[in-house]
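Two complexes are shown next, each including chain A; its partner changes from chain B in the first to chain C in the second.
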Partner chain A sequence: MKRKQGRVAALFLLPYMIVFTVFRLGPSIAGLFIGFMKWNIAGIPRFAGLENFKRLFTDQYFMISLWNTFKFFILTLPPLIIFSLLLALLLNQKMRFKSVGRVVSIIPFVLIPAVVGIIWTWMYDNNFGILNYYLKEMGQSKIQWLTSEKVALVSVAVVVIWTYLGYNMVLFLAGLQGIPHDLYEAAEIDGATKVQTFFKITCPLLKPVASMVITLTLVNTVQLFDQIYVMTAGGPGTSTLTMVQYLYTTAFQNYDLGYGSAIEVAILLILVVLIKLQNSILKVDEEA
Partner chain B sequence: MKKLKGSVKYIVTILICIVFLFPIAWALVCSVKPEADITSYPPRWIPDVATFANYAEVLRKYPYMSWMKNSIITAGAGTILILILSSLAAYAFARFQFKGKKVLYSTIVAMLLVPIQAYMIPLFLLCSKMNLLNTYAGIILPSAANVTSIFILTSFFKGLPTELEEAARIDGCGELRIFLQIMLPLSKPALSTVTILTFIANWNSFLWPMICIRTDNLKTLPVGIAQFMGSVNSNAQFQYGTALAGCCMAVIPTLIVFLALQKYFVEGIASSGIKG
Partner chain C sequence: MRKGFKKFLAATLTVAMTAALLAGCGGNSSDSSSAKSDSTKEGGIEPCTITYYGGWTGADLEKMQALVDDYNSSQDTVTVEFTSLQWSDIFTKFLADYQAGASPDVVAMHTFEMGQFVDMGVLDADQVKALDLSESDYVKTAWDGCKYEDTLYGVPIDLNMHALYYNEALLDAAGIENAPQTGDELIDTAMKLTVDANGRNAAEEGFDKNNIKQYGFGFLQNHHTFYQTYAMMNQQGYNPFTDDMKEISLDADKTSKAIQFVEDLIYKYNVTPVGEKSPIDDFKAGNVAMIIDGNWQLSGLSDVSFKWNTAEYPQIFDEKAVWGASELLAFPASKNPDENKQAAAREFVKWLSENSAQWALSGQIPANVQSQEDSEKLPGIDAFYAEMDYVKFLPANPLSVSLFSSKAPSPILTMAQDATLNNKDAGEITSQFEKDLNDVMKNN
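Take a look at the complex of A and B:
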């Protein structure tokens, strides 16, 4: 019976496994090797040892892109946790239209990111944008949203927050609904205040969700590209240059495939290390 | 007091909805303004004249309908392929015993951590060797190696009762028939979740289609629309009206799919927390 099951299982698995191996697993592994090559698309690849990886450490553009990615993460994470949690708490209450609120807040997430980038670029326009118009109405001076090196990164971060708030809200909402009701009843009988209940029951039990939100924000920040490509193309100067934007320029505009692969490996390593780090930090915290 | 608290809740909810809808509504309004009115000052929410001139302009100036067709074909075929391949494989992971199952499954799930950005150069070289660049298959096949769907479907199939299946087996029913006629009809919720998650991910996909496709006529909507922007194409005579009209038309299909299946979308996010 077991042998027969193995054969049937193989037939069920085969179509997916072929596509998965050829178009995902294979390329992922191959990337590690291309990183060791000097490979310009016009020339013949040759072995270059660690040259590409060494270059990463001395390449100021790569370092800038790494630093910018870090800034995006630091800027977007707190609002993406606090505001989404508040939104989830609000939309978890008994009230009419709460399902409307839930649906509306996810809409930004399902829009094409490139389209979101264009719509916000229009709102951010220095002269004709509606945001600067409202600022002026309120007696403030205009802001160079996307054309000032100091502001551009924050402006793009706002777009990222706007996009993912509703998505994270759904995660928190699922977490809130998973908390057993008797815990709240018991707390009420014991005379706990609402604030106490929130900090002593709700917050600790939402920790797995918060951890998931952190992981997702990490992954999304490291991958950040579409909106940036449309809105600023990494500029002005290098002020919004992210790792993937730099990777795209290196590999598909300058056609340096070997060095591009080294950047890919670096991106993957950073991602894996940060996620592991984050998981272990939160776990240590749990035991303490 | 209680009534006051209740109305505060509503006001806050309405304000939040405004924050989320404001950019979209503003884009819609501006897309039906004549080009001269778009940059008029002060900006107005209700235009003097509503016109579809910008929409006509997009259709005239760009191969917009080809982009739309390409997006529908690649996102649609990609989604169908994912549904077929992933449900078969997930069923095997959930219901059959075989050697190496654990290793295989954890290899697949581990690839959740590896975004396409981390392997797009080898993928590009592979597709160029296989003559897949500049073809629909070049976009569809890499998207079919989807991991989230395996994750969602495997856990769903594991939760289905085994009695029906065993009864069918005793009656001499083949495994494929059990899968097609008994398991799949029971799996509509999970399949809907996978459908909406993967369709939206495929429809919105940008980086890989941009790398894979070079011919203007074969581009998908996001890639085509991105060309409207000055930051992307410095030669473009940039006009906001046309760009916004192009944007509005591009998001209508996603909004329809989303609103029709939003219940499953929410469940999908809540259960997997991972985007396609």
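Take a look at the complex of A and C:
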């Protein structure tokens, strides 16, 4: 019976697996090998040993992109987890128009990322954008949202948080709705406060979902491309140059596929380390 | 029964989705040559379809598509399939197709991009030679721009460059008779046209630089700022960039002076908005009185409500010079050359060059002299024509795309934005710029 169900499931998964293998897994594995080559797409790849990987340690732009990616991750991950959980908790209450709230929250996520980038670019315009217009009306100075090296990364982070908040909220909401209601009833009978209920019942039971949300958010923010490309293209200067932006420029503008693949491997290793770290932190809490 | 139906449904859906997927991934060989297969040969060319790649978008794309459609309908032998994406995307596609043995038959590019493709060995100079073109039929600067190591690798189709656009109505209202021609005139005019919310201009006592309603002067604060710096370096008789440079040592004095002039417009004279994203839109909205931009903007100004005009790029220093570029058509090398298609491609390129008068409607200046004379001149194009004798191109160095990239990380972008957005010391910017250029050349 289980074997038959497994076969049915495998059949449903087959189209996705074909697409994944051909367009994601295959090129990713190929990329690992290309990292050992010197190749400009047009010519014949030449074996370069560890040259590309050694270059990572001396390339100032790679170091800048690594630091920017780390800063971007710190700016986006905590708000995306905390605010989306709070939003899910709010929209899980018995209240009017919660369906509307749920739908409105997810809208930013379903918009095309490049379109989101363009709209926010106009809103952020220094001189004629709506945000600075209202700041001026309130007697405040203009902010150089996308043209100040100090502010640009934060401005882009705000857009990313706005985009992904609803998506994370939906995942948390599904997790919250999977928690048996009688546990809350029992806690109420025992005199537990809302805060105690949240930390003693909701959080532990939400941990698997939270782990998944954190992993997905981590991957999405480290690999983010569209909004940054449209809004700042890595500028001003190199202040929003992330590793993925640098990979794109290296591989598809400078046609240095070998070095671009080395950057890809670095991104992969960083993601593996971060995900491992996140999993071990959550497991440590469970054991405690 | 229900389990059996589930399995059947799963299997059917899987097959249907997989088939749809594979159909979508299949090559879209929309070979329309079958429509012309019954036609007789023309000029020894068998009926065929050739592919042509370009990087135009927006209004330019429409004009080029119209030219391609004209060619296709003007004869029965060759069908041109035209694909146009953003420049960097079309080049990636071109190189990937070359690697797959399916090079396009014609590819457009800019002169400064040509060097890297020659260095990669993906361009065919023999096809250009077979066209037997005459230098006198083309604008000299554009012709020379298509050469790399004295070999012609492309056919120039147009020139574009910067010039000054100005709102005549605003100049008239301020009592200014002529557009500025020198650096001092530019500053003076821009200050009179930069007005705060209280109606005071930047030259008057009590001017509030934190409350500017209208700016006197605007320009793109990205890689185009470097193009202006490049122009001003050339105006001092100095151009350190060459086709074969492997390292560079910048003249600190001349480079710093050029950078300082740009910085002063924003931070000393307060006539240019910091971080201006779209000067042409600011100009059309009447928020900026004068801008520096290219002739590609001319076709978009037909419905502007105020009186405007153009003037030559101001001479800030000792000589006249302005940044410019040229677009050319090149013939990709092929792993599997098809002589018939190559002949067809040459015919098409020759036709396009000789019939590029229509291309002038996009605001571009045809590089073919006869097409220039035949073309309808858009309002405002005269100033650009006047600059043709002193326009300066960036070199076709194999690393030009990396050195002069419009996307971060880019030495010219960092330089431009350190000046326009960060107001750093011009001498420090020059030193960093030199270091960044040399790092790119060393690492590649």
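Note that in this section the second predicted complex is superposed on the first by the 259 of 288 C-alpha atoms of A that agree within 3 Å, B and C clash if a C-alpha of one lies under 4 Å from a C-alpha of the other, contacts with A are read in each partner's own complex, and residues count from 1 in each chain.
Criterion: a contact is a pair of C-beta atoms (placed from the backbone, for glycine too) under 8 Å apart; a residue touches a chain by one contact, two chains touch by 3 or more.
These numbers were taken from a predicted model, which means no experiment stands behind them.
Using the contact criterion defined above for the overlaid structures, shared-chain residue A:149 touches chain C, although it does not reach chain B. In the overlay built on the shared chain, the residue A:245 is in contact with chain C alone; chain B does not reach it. In the superposition on chain A, contact of A:254 is made with chain C only, not with chain B. Using the contact criterion defined above for the overlaid structures, shared-chain residue A:191 touches neither chain B nor chain C, since it reaches no partner.
In the superposed pair of complexes, A:141 makes contact with chain C only, with no contact to chain B.
Residue contacts after overlaying the shared chain place A:27 against chain B, while chain C stays out of touching range. After overlaying the two complexes on the shared chain, residue contacts for A:167 are found with chain B alone; chain C is out of touch. More chain A residues lie in contact with B than with the other chain of the pair chain B and chain C. In the superposition on chain A, A:237 makes contact with chain C only, not with chain B.
Chain A uses residues 8, 12, 15, 19, 121, 125, 127-128, 232-233, 235, 252 to touch chain B in one structure and chain C in the other.
By the touch criterion stated above, chain A contacts chain B in their complex at residues 2, 5-6, 8-10, 12-13, 15-17, 19-20, 22-28, 30-31, 34, 87, 90-91, 93, 95, 97-98, 100-108, 110-123, 125, 127-128, 130, 133, 162, 165-167, 170-171, 173-174, 212, 216, 219, 222-223, 225-226, 229-233, 235, 244, 247-248, 251-252, 257, 260-261, 264-265, 267-268, 271-272, 275. Note for the complex: chain A touches chain C at residues 4, 7-8, 11-12, 14-15, 18-19, 40-43, 55, 59-61, 64, 121, 125-128, 141, 144, 146-149, 232-238, 240-241, 245-246, 249, 252-256. The residues of chain C lying in touch with chain A in their complex are 3, 6-7, 10-11, 13-14, 17-18, 21, 88, 92, 95-96, 98-99, 116, 120-122, 210, 215, 221-222, 273-277, 282, 285, 287, 401-402, 405-409, 413-414, 417-418, 421-422, 439, 443-444. Taken together, the chain B residues at the contact with chain A in this complex read 6, 9-10, 12-13, 16-17, 19-21, 23-24, 26-27, 30, 38-39, 41-43, 84-86, 88-89, 91-93, 96-99, 101, 104, 107-108, 111, 113-115, 117-126, 141-142, 144-145, 147, 150, 175, 179, 200, 203-204, 206-207, 211, 221-223, 225-226, 228-229, 231-232, 240, 243-244, 247, 250-251, 254-255, 258-259, 262, 265-266, 269-271, 273-274.
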